[in-house]
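The first chain written gets the first letter, and so on, giving A, B, C, D, E, F and G; residue counts start at 1 in each chain.
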Amino acid sequence: MVKQFLMNLLLAFIWIALTGVLAYANFMFGFAIGFFLLWVMNLNESDRRYFTRVPKIISFFLYFLYEMIRANVQVAYDMITPRFFMQPGIVRYPMNARSDFEINLLSTVISLTPGTLILDVSEDRSVLYIHVMYLKDKDRFIQQIKEGFERRLLEIIR
Amino acid sequence: MTTILIGSLCTIGAIAILIAAIGILRMPDFYLRLSVTVKAATLGGGLLLLSAAFFFTGEVAVTTKALAIIFFLTLTAPVAAHLIGRAAYFIGTEQWKGTIRDDLAGKYDKETHELSSGNEENRKNQD
Amino acid sequence: MKSTILKTASIYLLPILLLFSIFILLRGHYFPGGGFVGGLIAAIAFVLHSFTHGTEATLKLLRIHPSALIPVGLALAAISMFAPMLNGQPVMTGLWFDQPVPVIGLIGSALFFDIGVYVVVIGVVLTILFTIAQYSG
Amino acid sequence: MELLLVILIGVLYATGIFMLLRRSMVKLLIGLILLGNGANLLIFLLGRITKGAPPVIDSAAKFFTDVYADPIPQALILTAIVISFGLQAFAIVLLKRVYVLINSDDLDDLNTPEEEDI
Amino acid sequence: MTDNTLILSVIIHLFTAIVLLALWRKTVAQRIISVVGSVVAMVIAIRLFTAVWDNGILTMQAAGWDAPFGITFVADVFSSTMVLLTSFSGIAVSIYSATGVARGRMLYGYFPILHLLLMGLNGAFLTGDIFNLYVWFEVIIIASFVLMTLGGRRAQIEGSVKYMAMNVLASTFFLTGIGILYGITGTLNMADLSLKIAALENRKLVDIVSIFFIVGFGIKSAVFPLYFWLPSSYHTPPSAVAAIFGGLLTKVGIYALFRVFTLIFIPDEFLRTLLVVLAIFTILTGSFGAVIKNNIRRVFSYLIVCHIGFMVGGLGMYSEIAITGALFYLIHDMMVKTNIFLIAGLIRKLRGTMNMDKLGGLYAEYPLLSLVVALVLFSLVGIPPLSGFWPKIYLFEAGFMDAQYPLLVAIIIGSFVTLYVIAKLWAKVFWKNQPTLPAEENYTDEFKPMSAFRKSLLVVPIVFLMAIALYIGLAAENVALVAKHIARDMKDMTPYIEAVLGTNVSP
Amino acid sequence: MTLSTYIDYVILPILAIALVLVFIRLIKGPNIVDRVIALDLLITIGVSVITVYSISTSESTFIDVAMILALIAFLGTIAFSFYLEKRGRK
Amino acid sequence: MLIAVLAGLFVSVLLIPLGRLFKGRLAVLISLLPTSLFAYFASFIPTIANGEAISFHYPWVPSLGVDFHFRLDGLSLLFSLLITGIGSLVFLYASSYLKGHRYLDRFYAYLSLFMASMLGLVLADNVLLLFIFWELTSISSFFLIGFNNEDANSRKSSLTALAVTGGGGFLLMAGLILMGHLSGTYAIQEMLNASSFLKAHPWYPAILALIFAGAFTKSAQFPFHFWLPGAMKAPTPISAYLHSATMVKAGVYLLARLYPILGGTEYWTYPLIVVGGITMFYGAFHSIFRTDLKSILAYSTISALGILVFLIGIGTEQALLAAAVFILVHALYKASLFLTTGVLDHETGTREITQLGGLRKVLLPLAIAGLLAALSSAGLPFTFGFIGKDQIYEATLHTEGIMPIVLTSLAVITNILLLYAGLLVGLKPFAGKLPERYQAVHLPHWLMWTPPLLLALMGIAFGAFPALIDASLLNPAATAMINETFDSPLKLWHGFNLVLLLSGITLALGALLYLMRKPSSKSMASIERFNYLAPQYIFGKLARAVRRFAARYTRTLHNGFLRVYLFRIIMFAVLLLGFRLFTGGPIQWIPAHLSPISVYEVAVLGILIAAIFLTVNTSSRLTAVVATSVIGYCICLLFVFYSAPDLAMTQFTIDTLTVVLFVLVLFRLPPFLNLANRRDRIRDWLLASSFGAIIALITIQAMNQPFDDAVSKFYGENAYVLAKGKNVVNVILVDFRGIDTMFEVVVLSIAAIGVVSLLKLKLKASEKE
């Protein structure tokens, strides 16, 4: 998988060298072409994780963006309207994520969406404590995160 | 065309930041302020940087830098928020009266500042 | 500080900041930056590391004590400052190689001077901060 | 704009001096920092300010073709900043020592009677 | 004509310091390197002085940029004399420190910082750029600041807080002055400034700027009412350090005052009067303090203040003869003040105290040494024909010429108090029998059990500086010629300006 | 209306208002942690201001400054947290 | 002649290493020094008597007009012979008197130095050279008086002597320099030409006042006389030397030497007559109340010095001749009496006049010496003293107006008292019955009794045959003072005239007084009751008052509070700057070229200023740190706005690091206390804000100046072309002004070392320095 990614990068750089245009758009274009070529070349290979993962990353990114904007708007509305309708609380969230990298990524993602904020990770790295702004139902919130961010994230990483 | 794109990105970004600013001023307790500001500001800053990335497309290095800054902001802001939030909890910063739940209560070891996961208690409860 | 998140983050941040500091150092002659700011950023990278991993761990990572960097950097800066004297030129006169090097541009005594400054600044900042940290801890 | 900066400089000097006259050593240090900032801004302002034209020559050009900010005050201030950082660092640690000695940062407590001379 | 040799006296100390830093915690090697470095520095300083004396002003345009674009270093007779004297003090202190300073301090950078301090002094004397002078001043401040705290005893800490606060304030004044100066002239080169300031029409502004320099340098040189840091701090550090401080630190302030107020600002009536009035109060303040203090170093500290007044007074009178006197005094003072603090340290080694009431019997126990000390002390007093006597002739003459009677009276009072205080010190410390002290204050003579070599490390520097002081006194003609030469230079800076700017400046 | 004037007269004033609002929080506190996050936010807005200013003046060099701010700003927050935690443990 | 002068100096220097050799028997050998010098100077007598003078010139410090410029004329010859002659006897005497003394070598070293200084003083033909030796006599006498340095009184006396003579010395120096400055030379012979110019100059009185101050202190004139009795703490040979022939005569010598230049005016005459007159009476009067032999001698010496000053004041030919004679007379009998006293002290262990008597039976040669000296001091016919007294009366009688009556009667009274004192010292111890306890007293080594005897005999010899010294010595001396030749041979017999009558009255009354009055400690106590009026007491009180004032002054100014010091420094700056700002021309309020104001700049500025006040007013340290960093960051924004990216970067990183530093250090510090009361705060605010306002105004003034951007332009044009860099700030930092950067880095390095040492170094208790 790493090999394929490096190969893809190499192809992108060769593309730049060939066209002689050192610009972002050109790099992206080269990368896409490389990706396509590699995808075609590796159709028969057994390890095709690289080619499923890239679209997943993109889709996760888009999901994250959507969540962020949605939540931001929600918070923004609350902020500029005179009355607060939030119900904050600190929630104990048992994770599936285990490695440091996974925990970090998960917490970053959770923190960056408005309304939620990681306060700490337990010493044994099994539990996240999350500050939540709009906590209607604790279990439903945990369910949301589990199904939303954590599942998608672990799919990409593992 | 690009100008309009840049202009609108800027506008959204600036508004996000303004909201963050209003948030930090209006929110009733520390945790809420923290929660609001970290992301709104990151979003706003990110958008403004993105518009810079578009504006300086002619200079690759500048675009790279703008993207790098976005990357850095998103990487560091949650970490900083987590740390200061945690510290605030230690020094007993009060929560808003409307707060409905605190799972952290009693989970910190007073001496070592170790945070328990609460699993032991759960197990005990199950037994 | 016992924070898994910070600990993990600092592992990524250390090389990024160091890389960035070298970048700032090398381009100083053409764009904002230079040895001084570069050195400060590098030092901050290590300081960050020490916040999470403890001073001892950072010292181990550095291998040599930062205070040893001070004479090294001073010597480097001083030599590139006084080297022109051997040519009979006044001190601080820029000596330049003819051929430019990619990214950095022309290489000359000014660059070595800047590198000397960079090293001294790292040594100084880390020496100060680590000494305080050890003293307080 | 210059007039506002002048006011700022005056405020920095005034408050710096005021802090210098306190008994607390922390305030003393802050006073020195304020004064340092005031002096830097004064140099900066007296080198005449220029907006949006840093003294960096365009990558395509060999020298400036347009107006540019005077680089000399900038270099001077840079040096001054660095020097005051060195002094501040040392002074802050000195503050620590003072605190260890007298268990307070009240400078009046630091005074030792002359009889204790060696 | 650009000449690299004049920066050698800076380089030698820098490289010595770097080597010393590399030899961190190796105290034996440090002692040797330090002495070697100081000796080389002295040789360089002597060569520089003779070169300047024989061939006139030397300049070096750093980085090869013509003045006023780069930083210029200038060695005229004034600066090369100061460098020479610094090298004498430096070598004496370096040797003395080998046994005079506790090993603990050497383990934590005593020697490298000592050399960096000497480097800073030389740099300050040689630079021809006003901002660069500021940088050198900062090197001096931070180095002296560290040397003062090195060891961390309570009195040291107290002294250095005060020292720090007032000296940083002085730097702020200096820096502010530089800022305004740049704002109105656009240059930092002192020779260039000289021309530009002279051509400036707004004299009021020039006067105002010069006040910043008066306050800044006035604090550094411990002029009334800006002197407070000196008696607050000079009695606290190890004597070797106090020697450098006493001999050189305030003098660099004096150097700067003379340099700036003869080259850049030519003082008008108001400033001259101001300087004279300050000088009078400085002398009296120093005198009063010296009279009542009982600790040798505190007495010496106030005497420094007192004698600073002599020099500032000389500048205030501003005639060639007055400046000659002040410069002669400066030369004498640098050598003698360094020495008396070394002597105070030696006394401490002998008796464990510097309190005059607790001292005594030194003449009976160490007669030869006492005679050496006596010579130094009488040089300080200016018992004719010893070194302190000659400059007073100039100052008196100048005082009469300029009708500065109050200043004359002050100088007489100052001289008289110095005489009285030193005689009292001699009677109490050397003549009087050692008083019996309470058991807990019993001292051990650290000097007696030392090997002859270690003893000589303490005594040789004192004798060396005494010999120089004797030379100043007995061969006063030579010193007078130097002082006169400098004073004449100051009265007409055209050669200096032409040497720096490389152009013909017709007045 | 050019981009530059738009930024100068619309975006930068908005950001300036944001700065002022955040600063009011910094003054009000009430806790030190409130001030610390206000400071952190000020810096983030500062990054934005610099970015926008560099667009307005077409001077890409300012982006470098913004980058440095973004890179090391959080060190201050970490230091304060470090301090508060240590003090809390006393 | 230089060698002659400096010989004593060489000997004293040689004695430092070789002193051990000369502690015992060999000590006598050192006397070769004065004796050979005496012979040397004696060889000049014929030449000088011929009216010639011998000059010697060797350059030393020509820049200052100070050269080794010596001149031997009548006056200096007389003094040289006294110095070396009496010196020889004192040297010999001391070798026995102080035999076996631990510090005999030191003693001779001081004495040789002193003799050399004295010789230099009288031979110098340059006022500054004279002054140099003058001060050397002060300092060497300091050592001589304090010779018994383990005795507190001895130390105190030497300090007093040095303080008085040294203080006078500085005034003298001022006077001499003023004189030299006006006449354009320091050479005495050349000054003679400027005499009339000097006397007409408005500064003439000032010159005289300063020179008199020197002379009076040195020659123990009232009210500066009090150091002299104290100086008796020195061993007797020293007293003999200092007070008969040398030290105290220096002032007299100076007056005599300067008489031809400055003398003869009213300003000269009246002060000298008044002071001399008071001194001669005061000293003589006091001497009769003392019971300690040396004390009596001390006060009679003061009186004699008064007489000399008095005579020089009168300034007529007779008076000056009388002075010359009396210098010699007094030297001979006073030295003799001192040395006699020394033997008495040495042999009996006391100098108390009330306890001594009848010693002629055991110390016959001494008794003769004492008697002869006493007779000489009494002015009995056929003694030299008789001639001296005659000359004095001649002098006083030949003044003008009512002066003869007043002055002569003063002289007569003084002489009566002096006669009494002389008899007390020279006769009383030897007359009457020998007390039991002194039966065992025996004659000391001959070196101790021959010198006084010899001196006394000379007094008789010169009295009987004045021709021996008249033309050869005394006339040339007087001539030198008058500066014109005159011929007035000394006569024993003037015929029956008023002078003789007065001499008779003096003798009769003096002898009567001696017979009637018995000295007792009671009389001493009676005069001590008036001590509070004595100059010594008043000076002491004054000195204590000065000390008290000094202590008060120093403690008030240097009171230990840093903030007070800072306040004063800033106050000083505010006053000076304010004064200069608001005088001499208008203040311009608006700079010429201003850039437009925009919202964001104002916002940043507003935040900045608010942050500054938050920093100042907060009671929490952490808030202060936060606010300080806001200040830093806002300045960083300003740097960006005004095109200084490098500055912004640096300011920002450094501010962040400073925060880290503060935070690391601030652990466990208690919150700020408001330690100042309202009044102090208001006062501080007033000062601080006036300083800020002044700075702001000055900045505006400076901004009105047109800016000269030549250097800046040069950098812009050449940064890339010549220095190969495009970031001009960086090019300045590493090239144009790279030296600054190099040493700013050194500053940082030192700070780091300082931090390490400050935190880690813990000195052991044994490590004191």
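Just so it is clear, a residue touches a chain if its C-beta (ideal position, glycine included) is under 8 Å from a C-beta of that chain, and two chains touch if they have at least 3 such contacts.
On a predicted model such as this, the values are computed, not experimentally measured, just so you know.
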Fewest hops from chain D to chain E - one hop per pair of touching chains: 1
Pair exhibiting more inter-chain C-beta contacts, C-G or B-F: B-F
Most distant chain from chain G, judged by the mean position of its C-alpha atoms: A
Whole-Å gap between the CA centroids of chain A and chain C: 35
Chain centre separation (chain E, chain F; CA means) in Å: 48
Intercentroid distance (Cα basis), chain E paired with chain A, Å: 68
Interface hub residues of chain G, defined as touching at least two other chains: 560, 562, 566, 570, 598, 602, 641, 643, 645-646, 649-650, 653-654, 656-657, 660-661, 664-668, 695, 699, 702-703, 707, 709, 711-712, 715, 726-727, 729, 733, 735-741, 744-756, 758-760, 768
Sites on chain C at which at least two other chains make contact: 1-3, 5-6, 9, 30-33, 36-37, 41, 44, 47, 67, 70, 74, 78, 91-92, 94, 124, 128, 132, 135
Of all residues in chain E, the ones touching two or more other chains: 14, 21, 62-63, 70-71, 131, 135, 138, 142, 145-146, 149, 152, 161, 165, 169, 176, 180, 183-184, 188, 348, 352
Chain pairs in mutual contact under the definition given at the outset: A-B, A-C, B-C, B-F, C-D, C-E, C-F, C-G, D-E, D-F, D-G, E-G, F-G
Of all residues in chain D, those that touch chain F in their complex: 51-54, 56
Touching residues on chain B, where the partner in the complex is chain A: 16, 19, 22-23, 26-29, 31-32, 34-36, 38-40, 42-43, 57, 60, 63, 74-75, 77-79, 81-82, 85-86, 89, 95-96, 98-104, 107, 114-119
Chain B contact footprint on chain F (complex, rising order): 3, 6-7, 10-11, 14-15, 17-19, 21-22, 24-25, 31-34, 36-38, 40-41, 44-45, 47-48, 51-52, 54-55, 60, 63-64, 66-67, 70-71, 73-74, 77-78, 80-82, 84-85, 87-89
Footprint of chain E on chain G - complex, ascending: 16, 59-64, 66, 106, 128, 131-132, 135-136, 139, 142, 146, 149-150, 152, 155, 158-159, 162-163, 166-167, 170-171, 173-174, 177-178, 180-181, 203, 546-547, 549-551, 553-554, 557-558, 560, 562, 565-566, 568-570, 572-573, 576-577, 580-581, 584-585, 695, 698-699, 701-703, 705, 707-712, 714-715, 735-740, 743-744, 746-747, 749-751, 753-754, 756-758, 760-764, 767-769
Contacting residues of chain A [partner chain B, same complex]: 22-25, 68, 71-72, 75-76, 79-80, 84, 86-92, 94, 107-108, 111-124, 126-127, 129, 131, 133, 135, 138
